[in-house]
Each structure stands twice: as structure tokens, then as C-alpha cells.
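Have a look at the structure below before the remarks.
First chain written, first letter: the chains are A, B, C and D, and each begins at residue 1.
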């Protein structure tokens, strides 16, 4: 390969976050599965926390995409053991950081939340701080509760006056929101500002 | 000192979290300041993120306590430079973890929130995951919004059926809630559970 | 896909660590490049810190493998910006953890060091603590200095009495050591032990 | 307290790192104990990993200082449970980061190593990356092995041409090296540099 042929191969990463356990047949499972498939269909990489429920359903969907290749489903695990990942994970990154690994999930190019308890809530809040595009599915859990809201008053993107946690009706809508908004949300967190002296 | 005279000196740590910047004369500042003082009055150690606003006000209050000794006000800073801490911090721990330091603040024995945006929200959510006692001041920000609510359906303490983010009317009430609930909230997070296989 | 058809797709991850900058034509570059190619040839996933020098050379090699598919080269970046990865990275995980991201790199199934300064040294030391297989190239830097040595006296694998940082003469040797030792080094770090009370 | 009376109370933090377990009567224990006492005598705050061996001996020494006040001995614990700290810790910060907490210990204003295995080695290496003053006791373990050496070729302090891991003969010598070098080693790590494009 000649130097001039090198093209950056970095793929856009989309985190799907949500409940680690959902009842069989719950709508969140179907939504997460379709979302996983659509993410890979679009050429993006799926990032999850690697556990069950919404995370596993998204991974299952990713593998059902016709564009699946080994490596498009990445898990960021809280523990030390990569084999703790669910069966649909291609690349398991064990972090050993326990809940602090939520901050890594929140670093994906975009975060899509489906349902979710306190762990999901922390990921949404951290992604907001990191200036990431955040999409939440209407309906259950913290995703449903925050869909359509800004998390606080900071001007993350002055050029996007209606910046908020984008509300998605379903997986198809979430995928179209990703396609629409990703190019507009490329800002990079500059680090937490220094103290404001009173 | 003889071996048998050794008494564990570990002091209870109370994190005060909230807005990094508040308007002059805002009620949050007065509440945080009184809270900082009451925490030290009670013999506890104050933990903050070391920046301005609510964090600085709490530190100022800590120093006003008659029981203040150098070392009772600890900051967990997001950056690499300990001198970035506000002027009321006795011990500055620079972490270099940026927003992931929120997970360290959330590890205090209890977390008290005053106002707050997305950063505070992440700290409340992480503390909830870690089974910590969480108290929120009624009124502004995420503290006001979550006061009195459980963050999700998990049974953190089966023996405390009304477990929730405890709502405090003011600093005095928050201090009495701390004194009342601290002995009952000694549970330790066991690490995020393994995946639930479908 | 039927439940019974699900096969765990988790791929073995091999971290290549070393100098972030090497002189043009330096042997480390050639070794890292061949190593990257051989890792992908073997069906494994390459993990690096995503920067220049040894990391970039390994990524270049990965892309030259005939078994390369988009996703086999993963970077764990210290900063917040995934676009800071070198041009050969397929999946960039920005961590925002600065030097603490070294502990994530050290969580790969195995770590291979080529040259290296203090950052590489920390990754070798952390991988050793995590019971990971560690291979070091003879020659320059900390890799050369530690090749063939145990880092301390702990019995990481009682059934492997000669456990040490395995010394590799060249990339081909390193790849054969990986193939030989990976099945024997599957132990999982159980977390740092509790204090030893006197 | 009037605004103009506020004086920054930030105390210099000195980490003592080393073996988590040492044989009874070992020289390392005596050295660490004297070191802990001298650190508090000098008005500094002792930071350790909060476990046994060298860490516990340093804490014991801190408490023997005539200048001890509750709060001068801080532990950064790898787990979630603050009560896992040894009996001489005043303020236990549980981090939940497992080995990644080594990067927090390495953020102290200076790091002094006594003996030590792979964990200590990682702390020395990380402190070096963070531009911290590092002192190592001659004798056993990685401290003995690295005493007097630069860890790599980077110019951490161009104005200190002999920058290295400072070698100390004993606790008294280590304390005098701290007093001498602390004012000269105030540099702050600026974050890991961006990739060097080829």
C-alpha cells in the first residue's frame, strides 16, 4: 500500500444504552434490535456496555445486518474479564473501571438510549457534558423521560439553538436522526473548565 | 503509640455536588455554605469537585466551622493541576480523569446535591448505582427535580422500602437527614452484575 | 437467527505498545508493522493507543493483512477526540482518561511491547498486575530491558513456573509466542486484594 | 471570615508507594514509617493506596507525628468500600477503578517509592509521565532498581538536566530531597500529545 493510498478508516461509533434486563417480548428489545441492525446497515460501529437486555438486543440486531463484518460490535465492559460479554459482541474491551466505564460509553460519536435506569441516566448525562449527540427513545425509563429536553442551560452548540436530547419515536426515526444530526454535532469536549473564582 | 491503642481514624466523607457557577446572592450559595459548615461541625469530611459555585461555597462553609482542621475539605479535580482547586480546598487530589472523576465524587459515603446541571446529574446517578445515600435540596436544578424520587426500580436496600433520593428543605434538614440515614446506608456496591443471558 | 445458532464472536485482542515516535527506518517500525500484519493474519484484533510511532506502524501492518476487515484495528485514545487517531485505526475509542487509559490497553488478552518509554513501562506493569500474557521484543527501550524477566515475585500462574515477560527475537517469534501461550494465560484478575492487617 | 483573609489552604501531597506486604521487621517497614512521620512533620499530606505493608507503615508513622491532625493521611483505594483502608487512614477515598487508581496515586505532588513490585512500578512510570517528582529508596524492589535513573529520554524539565528518579539512602534523605526538589518540580502534565503523523 502506498502512502498516498492511505485513507482514514475511522468509523463512526454509535453507543446504544439502556436496561440490562428487559422482560421477554418487551418493546425495548425489538427497538434495540432494529437499532443495532440499522446502525450497521449505515456503516457505523455499534458500541454497548456488553451486557444483557437492550445491549444484547442491539448486538443481535447488528449481527443480522447484511453489512455485518466481524468487528462492528464493540463492548466496553465494567469488569476485567472479556468473556463476560454477551454472545453478540465481536470485540470486548474489558476496562476494570466498574461504573466509571459509563464515561467511556458516553464518548461514542453519538449515544442512543432505550429505556434505562440510573446507569443509562449517568451515560446520558456524561454524553451531554461531552457535547455528544444524544438521542432518546420515547416511552419507558430515563430515555422516555428525557426525550426532547435539554439537560441543562449550557450552550453546547450556539449554532443549534434547539439543542436537546433528541426524541425518537422508533428505531427507524432514531436512525434518521443520527444520519441528519451526526454531521452537525462534531464538537469536541475541551475538558472541564477551571474554577470560577467568586 | 502501642498497637492496642490504634483506633481506625477513617472519617465519614460527604460529597456536596452542584452548579459550578451560581449568580451572586443565589440561595444555592447560602445553602451550600451552611451545608459545608454543618458537615464539618458533625465531624465529617467534605468532598467536592474543587471548582466554583456550590463547590466553593461548601468549602467556604467548611472553613467557617469551629471544628475545622486542615484536611477536612478534599477536592477531586478533573484535571492534572492541583492548584486549580478553589481557595477553600485543604487537600486537592488531581485525577486527570476529566468527567470520569464524577464517579469518584459519587463514591463518598453520602452525596448531597444542590441545584446542578448534567455533571451533577451524572454524580447523582452514579451514587445511586453505588448504593450511596443521596440527598437532594428542593428547589433549583436536577437536585430539585429528583428530590424524593427513586432513580429506578432496583431494590438497593430491601430493608428500606422507601429508599429514594432524600428530599431536604434546607441545609439544616440535609444535615439531620445525613445523621439519621448514614448508619442505615452502609451497603457496598458489589460491582456491576454479569450479563443476563437470554 | 435461531438461539442455538448463536456463536460467541468475541475476538482475541492483542495490544501492541511502544514508542509514540521512532526515527524513520528504525527497526522498531519494521517490527511493529510486521507484528500488526501477523496479528490480523492470525484472526486477532489489534489494540493500540492510537498514536504515532510503534502504534501507527502496527496499524499500517494490520491493514496490509489479507485478512483485514474494517474493525480489526482498535485504538484506545487518551483524549476526547476520536479524530486524533492515526490514519490506520478502524475503530477509535476516545476515553478522556489521559494516562489512565494505559490501564485499558493493558486489559487486552495479551500485550506485546516494542521499545518504549515510561508510558510503555506503565502498560507492561499494569498488564502484569492483570495477569495478562506480556511479550517484549528484545532490543531497545523498556521492552528490551524487561524481556525474559518476571516483574515481581507474585505467583501469577502457579502452573507456569517460568512465568515472565516473554522475550521475542522478532515479529515472527512474537506471533508464535502468542499462539503458543495465549491458551495458557486465560486467568482473570480478581481485583486488588484487601489490606493485610498487621 | 472576610474575603481578604482567605488563604489557599491547599497542602502539598506526598504519595508513599511500595509493597502491600513486607515481612515483619523488614527494613522497608521502618523506612516507610519514618517517612510517614517526616512527611507530616513537614506539614505535608500523606497519600497512599490504603492497603498493608509499606502503605500501612507510612500511615502509622504519619499518626506518630506531633503535627498529626485528623485528615493528613489520605488513601486512594482500588475498590468500592472505604472501610477496606488500613487502620491508619484518616480519609479513605474509594475509587472503584481497581489498578487504574494507580494513576491517581501518581498525581500526588511527589511520589516516594519503597521497595515495590509491578503495582509500584506502574505508579513510578505514571508519575514520570505526569512530570511529578519521583524519589526511590535504594535497596529492595523496583524502587531500588530505578533509584538514580531517568525512565526515558524525554526532557521533562529542560532546566533540570539531571532529572531522574531521585535516589534516597534512607527516610531522612528522602525527606530532605522532597524539601529541596519540590519547589523545582511544579510542572503540570499537559495531556498526552497528539499523534505524530508520518
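To be clear about the criterion, a contact is a pair of C-beta atoms (placed from the backbone, for glycine too) under 8 Å apart; a residue touches a chain by one contact, two chains touch by 3 or more.
Everything numeric in this text was worked out from a predicted model, so none of it was measured.
Q: Do chain A and chain B, two copies of one chain sequence, contact each other through the same residue numbers, with over half in common, or through different ones?
A: same
Q: Tell me which chain's centre, taken as the mean of its C-alpha atoms, is farthest from chain C.
A: Result for max centroid distance from chain C is chain B.
Q: In angstrom, rounded to a whole number, how far apart do the mean CA points of chain B and chain D lie?
A: Taking the average C-alpha coordinate of chain B and of chain D, the gap between them is 26 Å.
Q: From the mean C-alpha coordinate of chain A to that of chain B, what's the distance rounded to whole Å?
A: So the centroids are 28 Å from each other.
Q: Using the average of all C-alpha atoms in each chain as its centre, how far is it in Å between chain A and chain D?
A: 38
Q: Two or more other chains in contact with one residue: find those residues in chain B.
A: As it turns out, chain B has residues touching two or more other chains at 80, 85, 87, 96-100, 103-104, 130, 189, 191, 198.
Q: Within the complex, which stretch of chain B touches chain A?
A: 20-21, 24, 50-53, 55-56, 78-79, 84-87, 97-100, 102-104, 106, 117-119, 121-122, 125-126, 128-130, 141-142, 151-154, 189, 191-198
Q: Which residues of chain D touch chain B in their complex?
A: Within the complex, chain D touches chain B at residues 1, 6-11, 13, 45, 47, 60, 63-64, 69-74, 76, 80-83, 85, 87-97, 103-104, 107, 109, 130, 188-191.
Q: Contact residues on chain C for chain B in the complex?
A: 3, 80, 96-100, 198
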